[in-house]
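Per-chain numbering from 1; labels A, B, C and D assigned in written order.
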Amino acid sequence: MENYVIEMLNIRKEFPGIVANDNITLQVKKGEIHALLGENGAGKSTLMNVLFGLYQPEKGEIRVDGKKVEINDPNVANRLGIGMVHQHFMLIDTFTVAQNIVLGSEPKKGLKIDMKKAVREVQELSDRYGLQVDATAKISDISVGMQQRVEILKTLYRGANVVILDEPTAVLTPQEIKELIVILRTLIKEGKSIILITHKLKEIMEVCDRCTVIRKGQGIGTVDVSETNPNELASLMVGREIRFSTEKIPAEPKETILSIQGLTVQDSRHVDMVKELDLDIRAGEIVGIAGVDGNGQTELIEAITGLRKKSAGKVTLKNQDITNMPVRAITESGVGHIPQDRHKLGLVLDYSIGENIVLQTYYQKPYSTGGFLSFKRIFDKAKALIAEYDVRTPSHLSKARTLSGGNQQKAIIGREIDRNPDLLIAAQPTRGLDVGAIEFIHKRLIEQRDQGKAVLLVSFELDEILNVSDRIAVMFDGKIIATVNPKETNEQELGLLMAGSKLEKEGAQN
Amino acid sequence: MFSSTKFNFIIPIISVILGLVAGAIIMLIFGYNPVLGYQALWNGVFDSPFFMSETVNRITPYILTGLAIAFAFRTGLFNIGAEGQVLVGWVAAVWVGTAIDAPAFIHLPLALLAAAAAGAFWAFIPGILKAKLGVHEVIVSIMMNYIALHITNYLIRSVLTDNQETTEPVKQTASLTNDFLIGLTGSRLHLGFIVALLMVLIMWVILERTKLGYELKAVGYNQHASNYAGMKVERNIVISMLISGLFAGLAGAMQGLGSFGNAFTNTAFSNLGFDGIAVALLGGNNPFGVVLSASLFGFLKVGSLNMSTAGVPNEIIEIVIALIILFVASGFIIRWALLQLKKGEKK
Amino acid sequence: ACGSGDSSEQGGSDSNSFKTAMVTDTGGIDDKSFNQSAWEGLTQFGADNDLKEKEGYDYLQSNSASDYATNLNRLVQSNTDLIFGVGFKLAEDITKVADQNKETHFAIIDSVVEKDNVASIVFEEQQGSFLAGVAAATKSESGKIGFVGGEESELIKKFEAGYVAGAKSVNKDIEVDVQYAGSFGAPDKGKLIASNMYNSGVDVIYHSAGGTGNGVFAQAKDLKNNDPEGSYWVIGVDRDQYDEGQIGDNNVTLTSMLKAVDVAVADVAQKSKDGNFPGGEIVSYGLKDDGIGIAETNEEAYTDDIKTAVDEWKQKIIDGDVTAPTTDDELKAYVDSL
Amino acid sequence: MLDILYSIIPQTLFFAAPLIFTALGGVYSERSGVINIGLEGLMVIGAFSSVTFNLLYADALGTATPWISILVAMVAGILFSLIHAVATITFRADQTVTGVAINMLALGFGVFMIKQIFGKGQTDFISQPIYTTDVPFLVDIPVIGNMFFNNMYITSYIAIVLSFLAWYVLYKTPFGLRIRAVGEHPMAADTNGIKVYTTRYLGVIISGALAGIGGAVFAMTISQNFSISTIAGQGFMAIAAVIFGKWNPLGAMGAALFFGFAQSLSVVGSSIPLLENVPQVYLLIAPYVLTILALAGFIGRSVAPKASGVPYVKGSR
């Protein structure tokens, strides 16, 4: 008999109207990194939430170290040495790192929390695993990557033996991913076991020992990573062949659509985040912005789309000055925007998906006449786009909140593309999506380019940038420090540029 | 399985029944006869067309304050200031109703308009402070309630009258009362209920059928996304409060031009605004739901006046109303219990 | 429809079926104020005439202003012969209901409704307040006295004007601090005002402020508790508020301005039953007919010199030598004439 | 000038004390994620139960009566707040709705019970209220003594001390950290092994206890009896104090003191010669206008605990 730390046998979990996990079995060996792979909505998070005691399964058995256990509460999971880093972070923004970590098992001095001790313990733990976390920093002040390490520390602080990571890399920059992988290896060295959920097959190939695949709530099987390849994993997961590098004909850039000159933008703390930036995008090309998170990409997009005030510079669209136009005017003059944060900006989650489809056009004919909305026309449009963009939803009347991230994203993309903008801005358009969905979205972006649109793609995924862009602008410290041709560069070089080192061959623009 | 729309009907009905049963139990405990008590309650309303009309008069302002609060809730705001907006609307309507001479087709609409404008203005202040400075609308509205109370008392005493407690009755041209209705019922039944029902429709149309409603709700749900969609978030917050205040101001007009036909100084709040919160929530913040819950409120309030004829203190009805609201709010548990029952049947 | 059916059955019944009832304002029949007093009057009337509660005499309680008309109408429909509206707040509604029900008799307390089927019962509060002022000025050692009103209104002005006039009559230089709380139901505000007055040297406060007056008593008693020898007096209103002033063995209630609503109600009810309903008249109750009075319960505080002074002025008012002012203008004229 | 302060400061303190207690309760409830519009009703229950107890047992308990009455009110407040807790936390009722219902229920219940017990709609005055005292020694300090230690209610001091205690508990102890966590991000707290429901229950119960005390303090020091209008808006002012004070115990205390100060100023104001001819109405509205100005001018945006108002359903997202 194998030496399994965790065994989930024949787990079944139902939600009203849906079987999220149907007879799934997952066995994790001691000291391994075990990947859990599946499309969006396949039931991965659900399975892990069952293991962590947040959901109670209808059927099935869980064993820890060979002993049958009943996990009906996260407390029980913690006691059994199971820790989980959730897909959506479970951190309290207004608390410090140390407070978040000790919450629930605070060291005490008299009646008081012994904050000094807490900070010390957290710092020690962080040093031991090389996490480089500042225990006294406030969560809202630290980067997403750092927040994730806090989550990992939280599990370690509670003495976790098995750490579950639900899509940890979706929100990380390539650099952060590299660091995370180092951390994972350290954990294994310290005798921990890891369950890793990710949509990125490359990562599975790189760090995982074995991989369990689930599809539509059902277990497909477990494979040894050393005996498989990305293509096989992908087809196991989706049930069909997936093409990875998107095929495209060479770009034929035409007239300049967007021109940015000397743009300076401040963030909400009044720090210059974009500094005298210049950038041109032409019709029929996809310009990818590569860069480490926090180098002004967000501010740049917000400034172009009018969501943020510009402190200097000029933005023109098709020779029209849009620098000081309000959001709506910019949108109407031909800008489509797939926002980075689909929940915060892209959707009104409590509106139906149908209503969300017209979020940018509800006030125009034919949806609105004389101030009155025609829901027939709105829903006709919605139904058409839902079909065209393969948005999987029970109906156009379903609340946007109930759709999976991938389907939410498809709806947004459909909405923005359908308006036929001259410039399409796509920020992190595939974050958190499965390979099938990514493929779909990349195709759509390239289609837009082929139809003569200018596309601005911002992504932390170098793969995506390299695959999709026709031209790559590397952004560092609020400036474009280099523009490179994707065919003439590689991840290595991009990585260096993104870290701020100048390109050898001068002539690249500043 | 029950569909969710079925639940929307069943839960309030069960809640009303549970509330009345609880009231009966309390009456029994304290030695009152619940049958006589509820009979008196029923008779208090249905004894004669007169009291039925009184009940309609009572329901009318409840509908409007209910709408005011429901509208704000639907657009993400809590207008706890309806109380003050009712008062200023009331006085504004009476002011126009007493101070101006005009034919009825101008005078009455003008008086209604004045009330709506006054209520809207009173709501504008918390609205603009929320929009521009992010000040919480609840706290400003609470303050505005007190300010309204003192200012309307002052206006009645020092501007509308010469140190009197009560103003002149509004001129017939501005009155909502109508000889035909009075003749029909012998009561003070006034045309206000038509205004109220019209507002129900207007609110429904605004929220469900117009561009404006789409924007207001979107801003209420998600300001960031609204901003992304090019909506003017600040302006929409102010508009929401204005419309909400407008409804509440009209509730004041119902009293000033209808039920009372004048304005008088108030020692304390009328509670129309605070009860409006309960009406709105009981009605699920839906304009048609508000009509039903306002009707329940009006019925219980008028009927309870008659309960003392059965020797039952009418506070019991306050308790019953509160319990009904509690039960409706706890609809989740009723739904759960019903589902358990259903399941039990199947097995 | 039910109501009118009943009335035809009972129509023309003998005088023994006389029925009277009152509609309270929002206070209720146990408000320790004029609603209670009015109910006591009705009860007395019932006892005097062997009537049973509910059948011969009754009341309906109002919870809000919207209830007045409903309650008045309910009584009309149940064939009540004489309906009292307790408090000026019911005046408008009585006017309307009386207009529509010319057969029914009404009586309004504290206000005037000019209708043939309405008797208006008013009180000469300024007279009692005048005497309260006399008592206060005689009692005051500091030469500063206070008046706390609920809301500024014509009615409360009568209290204020009478009080100030009475005080000035005794001591032309006396300072009277007049404050209004803006509410009859704000004991906290009443306490603040009283605290402030006593701090500034006032030693007697006359309140006409309903529940707000509770705060005045609370403050006086508190000061008295800490300083049993100190002078912190309150003059009560409407009925004898001696009990409210009790603190241990001391009592801060100097006296109270009594308004005998019970006497008036019983009187009008009796007249009506006897067929002498004073419809369309203003029936005024003052010192002369014991409709207004001044309490002498606190024998320790209400010293003989006060009693002498009060009795002296009372006689002057009854004799018509002095007319207590009811408005600011009358007050000014009165003070100037001193 | 000093004279004015001598009277304003003690007045501010006695006026503010009931609001402070109640607002502290509000802070705890909302910090744990449960909006409590029912503070008004809980104060009613506190006033009702303390007055009733005081009237019934004053003879037996003597001068200890008011203090025991306050404890009784605290218990009554807790019991009543449990209705709110069960409905909102266990039954996931809308918190605002339930709060409104609590307000109606408390008033109906209080008046109904008074009629049952005493046979009338308002009680007599209590014979054992709380009296002011001078603080020994401290009162003799020049200037300060007269301002802060002369003729003061002990309850005012308790309120202030309690504010600091409440602050300490909220910001320095494990319990406070947990309350705040549950109000900000209940699911995070849950995954950390904190019992979200229990913690929220405690938050609401504390608000019941403190609002009960607040109502009792009002009754024992100010109104000294109970009727339908004894508590008329103080609970809403306490809610205003919670928001004004940005959900911080010390902030709420400051806000309550500000209200007291503004009220007292408006009363004192009318006897200042300069303001004598200002129409009464301006002084009456001054405290409320001042509050709005303060909010608009200095306080500005106040952000509620993120999860307040949202029922926590285990396992939902």
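Criterion: a contact is a pair of C-beta atoms (placed from the backbone, for glycine too) under 8 Å apart; a residue touches a chain by one contact, two chains touch by 3 or more.
Just so we're clear, the structure is a prediction, and the values are computed from it rather than from any experiment.
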item: Most heavily contacting chain pair (counted by C-beta pairs in contact); value: B-D
item: Identity of the chain that, by mean CA position, is farthest from chain B; value: A
item: Centre-to-centre distance between chain B and chain A (centres being mean Cα positions), rounded to whole Å; value: 46
item: Separation of mean Cα positions, chain C and chain A [Å, integer]; value: 75
item: Whole-Å separation of chain centres (CA-atom averages), chain B against chain D; value: 28
item: Chain centre separation (chain B, chain C; CA means) in Å; value: 35
item: Overlap residues in chain A, where contacts from two or more other chains coincide; value: none
item: Interface hub residues of chain D, defined as touching at least two other chains; value: 229, 232, 280-281, 284
item: Multi-chain contact sites of chain C, meaning residues that touch two or more partners; value: 152, 182, 185
item: Set of all touching chain pairs, with the criterion as stated earlier; value: A-B, A-D, B-C, B-D, C-D
item: Chain C-facing residues of chain B, complex; value: 44, 47-51, 54, 57-58, 150, 153, 157, 163-166, 169, 186-188, 255, 259-262, 264-268, 270-271, 301-302, 305-306, 308-309, 314
item: Of all residues in chain B, those that touch chain D in their complex; value: 30, 78, 80, 125, 129, 133-136, 138-140, 142-144, 146-147, 150-151, 153-154, 158, 268-269, 274, 277-278, 281-282, 313, 315-319, 321-323, 325-326, 328-333
item: Of chain C, residues touching chain D in the complex; value: 28-32, 152, 177, 179-180, 182, 185-189, 191-193, 195-196, 199-200, 211, 214-215, 217-218, 221-223, 225-226, 243-244, 246
item: Parts of chain D lying in touch with chain B, wherever the complex brings them together; value: 83, 87, 90-94, 96-98, 100-105, 107-109, 111-112, 115-116, 229, 232-233, 236-237, 239-240, 243-244, 279-281, 284-285, 287-289, 291-292, 295-296, 299-302, 304
item: Parts of chain B lying in touch with chain A, wherever the complex brings them together; value: 209-212, 214-215, 217-218, 221-222, 224-231
